[in-house]
Amino acid sequence: MDLSIIGYDPVGAWSKTADTVEGLLQYRNPGGITWINVNGLERPEIIHELAEFYHIHPLTVEDILDTEHRPKAEEFTKYLFVICKAMRGGDESGTEFEQVSMVIMENTVITFQEVAGDSFDGIRKRIINDAGRIRRMGADYLSYALMDSIIDTYFTVLDRQGNDIEQFEDRAMDERDDNFIPDLQKVKQNLQHLRRVIWPQRESIVMLQHLDSPLLSKEVMPFLKDLQDNLVQAVETVETYRELLAGVMEINLSSMSNRMNKVMKVLTIISTIFIPLTFIAGVYGMNFEHMPELPLKYAYPITWGVMILIALGMLGFFKRRHWI
Amino acid sequence: MDLSIIGYDPVGAWSKTADTVEGLLQYRNPGGITWINVNGLERPEIIHELAEFYHIHPLTVEDILDTEHRPKAEEFTKYLFVICKAMRGGDESGTEFEQVSMVIMENTVITFQEVAGDSFDGIRKRIINDAGRIRRMGADYLSYALMDSIIDTYFTVLDRQGNDIEQFEDRAMDERDDNFIPDLQKVKQNLQHLRRVIWPQRESIVMLQHLDSPLLSKEVMPFLKDLQDNLVQAVETVETYRELLAGVMEINLSSMSNRMNKVMKVLTIISTIFIPLTFIAGVYGMNFEHMPELPLKYAYPITWGVMILIALGMLGFFKRRHWI
Amino acid sequence: MDLSIIGYDPVGAWSKTADTVEGLLQYRNPGGITWINVNGLERPEIIHELAEFYHIHPLTVEDILDTEHRPKAEEFTKYLFVICKAMRGGDESGTEFEQVSMVIMENTVITFQEVAGDSFDGIRKRIINDAGRIRRMGADYLSYALMDSIIDTYFTVLDRQGNDIEQFEDRAMDERDDNFIPDLQKVKQNLQHLRRVIWPQRESIVMLQHLDSPLLSKEVMPFLKDLQDNLVQAVETVETYRELLAGVMEINLSSMSNRMNKVMKVLTIISTIFIPLTFIAGVYGMNFEHMPELPLKYAYPITWGVMILIALGMLGFFKRRHWI
Amino acid sequence: MDLSIIGYDPVGAWSKTADTVEGLLQYRNPGGITWINVNGLERPEIIHELAEFYHIHPLTVEDILDTEHRPKAEEFTKYLFVICKAMRGGDESGTEFEQVSMVIMENTVITFQEVAGDSFDGIRKRIINDAGRIRRMGADYLSYALMDSIIDTYFTVLDRQGNDIEQFEDRAMDERDDNFIPDLQKVKQNLQHLRRVIWPQRESIVMLQHLDSPLLSKEVMPFLKDLQDNLVQAVETVETYRELLAGVMEINLSSMSNRMNKVMKVLTIISTIFIPLTFIAGVYGMNFEHMPELPLKYAYPITWGVMILIALGMLGFFKRRHWI
Amino acid sequence: MDLSIIGYDPVGAWSKTADTVEGLLQYRNPGGITWINVNGLERPEIIHELAEFYHIHPLTVEDILDTEHRPKAEEFTKYLFVICKAMRGGDESGTEFEQVSMVIMENTVITFQEVAGDSFDGIRKRIINDAGRIRRMGADYLSYALMDSIIDTYFTVLDRQGNDIEQFEDRAMDERDDNFIPDLQKVKQNLQHLRRVIWPQRESIVMLQHLDSPLLSKEVMPFLKDLQDNLVQAVETVETYRELLAGVMEINLSSMSNRMNKVMKVLTIISTIFIPLTFIAGVYGMNFEHMPELPLKYAYPITWGVMILIALGMLGFFKRRHWI
């Protein structure tokens, strides 16, 4: 668990880390924007200290510590509280979700990351190195940039899922693939998890736009609208994937049943041809003393001829009915 | 059926029980908060007496006594009326629901429990022993705390259901499990019961937030919002379980049909190979007097050879078509 | 077709019948509440006379006479018009619906019953014998009481349906029950009819609450809300039954297919064991002159031994693959 | 293509036809109501002339000439524009739709019929012969009456469809009916066409009620509400039919599969009984020189006995398992 | 990539092309309407230059360059931004989408086409040659005309899809068509792509109508409503096609299964008839020394007779059960 603080204004920017909350808070940037990042949630007392200092509601603290919470945005008297979910993975080993909570105040943003990681490194660098738009704008734009970098992880994961699904299209026609259905179910469940995260994420962004909070300036609104567009696109991608999977499933079922039908037809035809012939052979294998055909000279070749005629007749019958 | 009354204010708290309504009402706490709990609904006259004393509408009394009522929240002139459902069980023996009705007045909360039990013991102890938030806040917070403890029972039941469903994933591939579908249907129905309870519970909490009633203070609103979040999470869990069951069902169907197809294929192949051979044997079992092959010296081994060739040819044909 | 009129106020109540509209109207109760009931719709001229006297819109008269109309509530300048559907039956012979139309005016309620019957006898008795709430309240409460008695018939019918559905659960596993699917479809259609009636009934009650009509007093609102709750419960019961039927259907399908699979497997196994043995017997039934095995002394028992070994081997193979 | 004009007021009414627009317009009825009917759309120049005279928007003219347009209602500055669809047929030869466009102005209604026909003859006669409600009311009531006569055609078509669907219930159990599914699909598509027409028709009527246009008087509103009720009933009938078809389909599938299962079972049983017996006969047909059973005196009847015992044993086994 | 500019007013019109943005901008038409078209997006710097000149928001530029964006309409302070998708193809090789972005300002429209093409040639000619409505109206009507020409491409594609789907109706009954399901899935996915484009296109047109922007005059509103109607019709066509495909799929499944059932029945019948006869032949092929039937004179013809009787009896049994 580590604590980092970044202060910036249009003119300059600096970054510090600390071990204690007091140590951290002395670096606050009263004239500019302050971004505090809490990496990992192993020491709840640190979160409680921060909450006390910034007058954060106990329910918000509870939500920060409950890493199973679904994405949401809530307005409190002095701050906005946003829960996001970053994604990792997306290949066969499944998708992992990391909860990132944000408290957005007047000139301060506090972020709480479930897992210590470097997801925000890009933004950190943009702030420190680059005197661009992010430095000129307020805490609301910073929180937008953070949400944007979180939502970008969705598209990485969705791309990987897309590749997976393409493989299923090839596997759909392979009848010896016993794991096809269970594997497909896993991907399906994974997609449902994604949708469960992306959809409330979209709702929370929509809610932020409708809040009419003084903490969100007019300039940041088009950016939030853009995030919303991205999330709608992500939801649509998930829907497209689900439909692709449903289609693949249908192809698989129909190909299985087609193949089975063909196998059965071969059996039908071979059996149906030989069973009557075997019967004829059985008849002339009977041991009655008085069977007039037995002593005839050409009985045997005639029998063969009859049997061949029957076989050809049946083949013709099946052919005419398009069974072969 | 027993009657208990708890009175408290930020300074102190006490708890009493009584056998009659008059006996109970003398313990009322005019300066602070009064919580009356009616355990069991066997003696309707007691509820009628209470209703008369507190001017509770006859329809409310009817609803309290009708234990099949779905969760709801209603505003009356002097009080709010809330019906909740607590859950028990969740294992194979199914889920039991207990109706808990609440009448929330200015400084008084009356709760009616369908079954005498100890579900509210935790809150009782918190009030008596612990001079915390619950003692400082009003009757609305008490009712929140009671609803919270009821909604907590949902997650216990949902966890047990989750374990059950995991077992179904293992059973899905076992074809000898004749009870798979009926058992799965039972769990499915159980989940539908849960949803039928959780969804209106959520609606009633949402309604309480929108009522704009003077009985619900601004401070208690974030707590109600939190309850709502929990219930949404519970609904989503139920949905996830339903999708898991649907997936398990699909795996089961496909595994059954796969297995059946394989069994049928074995039959196809064995029959298809032996039927023509049996025919050949039948031919040379005929008793015609003039069969030129019969006296030949190597006829028998040649026949064997032909039969083996036919068998191998068919095996090769099946192999080439990927039927084996 | 008979005409009856009831007049009451908190002090007294009386009931009359008449053959003509004029005869009926002389009994009106100008100081209190008047309830006119028209039993049967065979004589439209009577309805037209009443309509003219009470200034009822021609479209309302049309709706009263069209017994196929769905439940609705409509506001006209001087009256509210409500169409309800009472239910009868619910057992195998299906459900019958009876249309009851109500015109609710200032101090007068006129009800039109499609079929002459005694559905309102209970209310008639309560008015005449019992100086209770119904006598103290206005025409709006009377119309509530009438609707309540109509909606009560839904639960009787739903209970009978519930018993029917329980029987289907037993029949689901019985493969010789050829009428299972058609019978189940009948119950399903019956449930859809119920839903088609109950849902607009609920809508009409909701509409009455939102009309803000001076004809509906504030005191009657909680009672209408209660009706709405009952109808929601009825709709949910129908939904539960539909889901139960869907589950029963799935159990039936899976049990049929399971059983069929087992039968097929027995065939597979018996055929697969005997076909090769029959081939061997066929081989030694051939009449070649030079078959070295035939004269051997122990050829016959050895053949038996080989055949038994093959049979056991195959049984073992099937056992190992869990086919038996 | 013919042009007709009807003028009326409470006192009198007359009807004229003309070949040219000028000829037609001289018959206008400035003091009363004028109804112009254009029968057939073969001469667009006539419609353009009328549009110019009455200041009809070019888009309205486009919509009148595009006979594939879905029903709608639109408000323009000086008129309301309504597109309706009349229906014809409904039997096996399918349903035909005729577009009828209406321009509703202050005291004038212009109707454009796609196909020359006599659908409005009834209304024409009511206006000419009968000094009833239609003569006393304005152009809005005339347009209601026209829409009513169009919507009446829906119920004729729906009745025919209902008869068709009843026949499907009988055909569902007949396995030799190869056209069952394609025919059922045709009816299903037909129903979807109906729904595609009825639903926007309902929307357009609802829209007319919400327009709050001075062209629609208060008196005509209950009549529009009545049209809406009728259309809701039509939509519900379509839904009921679709559910009936789904039920019939399910019965058909289950009856097919039941029958197939029974046929397969007969095969199973006959094969399973005779295959072992044939094996025994095969054994004693072998030509080994040393077979101790062959010379025994009672070997033959004993063999028969054994075979009969085996057959009976298997029949008993199948019976006990309820396979027969 | 080429840049073209068209200027016009009711009196005259001219068209120019340029290589650079400065070269282009000198041709602006301050008194009338200016339409700038950017063909191809290969040189983003040109778009950035234009954006700077016209004060276009960076997010708009991003959206113009992201050719995967879904259709939308957005209001900015000085302009409206619309993303449309033109369609091409629709035959077996699939559908291609071309993004066309529009920036609609006071008297200027800028369009950005993803692919250099001639889709707007028709409008260009109408402006240059024809002093009609488009010349008399403003930039809003121009943007309508452009959107109209884009939406027209949808109907071309939908018509081609319709032809494709008709072919599937013929292929549905052909059991040897192994590509039926995969081909059908492709068309289904194609339709879903179309819907994914058409639906948000409709939403964006609706949004434009509700924006109440000064950039859109009252006169252009009926034209936008007309576009919306067209898009609703396009969506309905897609829905109809999807239902047709679902119906075709059902016909295919049922025809496959019907055919398979018939093949199986033939097997059943032939096997069931010959297996008992073969058994009888087997019995009289046994080599017991004491078989009383063997020496009888008419044993052989009697056996034949019995066998024929058995065969006929079984045929009759199957006939009576309607299996043949």
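Every chain is named by a letter (A, B, C, D and E) in the order it is written, and numbering of its residues begins at 1.
Everything below uses one rule, namely that a contact is a pair of C-beta atoms (placed from the backbone, for glycine too) under 8 Å apart; a residue touches a chain by one contact, two chains touch by 3 or more.
All figures in this text were calculated on a predicted structure; none of them were measured in a lab.
Considering every other chain in turn, the ones in contact with both chain C and chain E prove to be D. A turn of 70° superposes the CA atoms of chain C on those of chain D, with the angle given to the nearest 5.
Under half of the residue numbers at the interface between copies chain A and chain E are found on both sides, making the touching surfaces mostly different. Taking each chain's centre as the average of its CA atoms, chain B and chain D sit 41 Å apart. Chain B has its Cα centroid 26 Å from the Cα centroid of chain A.
Residue positions of chain C with contacts to 2 or more other chains are 264, 267, 271, 275, 278, 282, 285-287, 291. If you sketch which chains touch which, the chains form one closed loop in which each chain touches exactly two neighbours. On chain E, the positions that touch chain D within their shared complex are 222-223, 225-226, 229, 232-233, 236, 240, 243-244, 247, 250-251, 254-255, 257-258, 261, 264-265, 267-268, 271-272, 275-276, 278-279, 282-283, 285-292, 322-323. Against chain C, the residues of chain B that register as touching in their complex are 57, 59, 62-63, 68-70, 72, 74, 76, 175-176, 178, 181-182, 185, 188-189, 192, 196, 256, 260, 263-264, 266-267, 270-271, 274-275, 277-278, 281-282, 284-287, 291, 293-300, 303.
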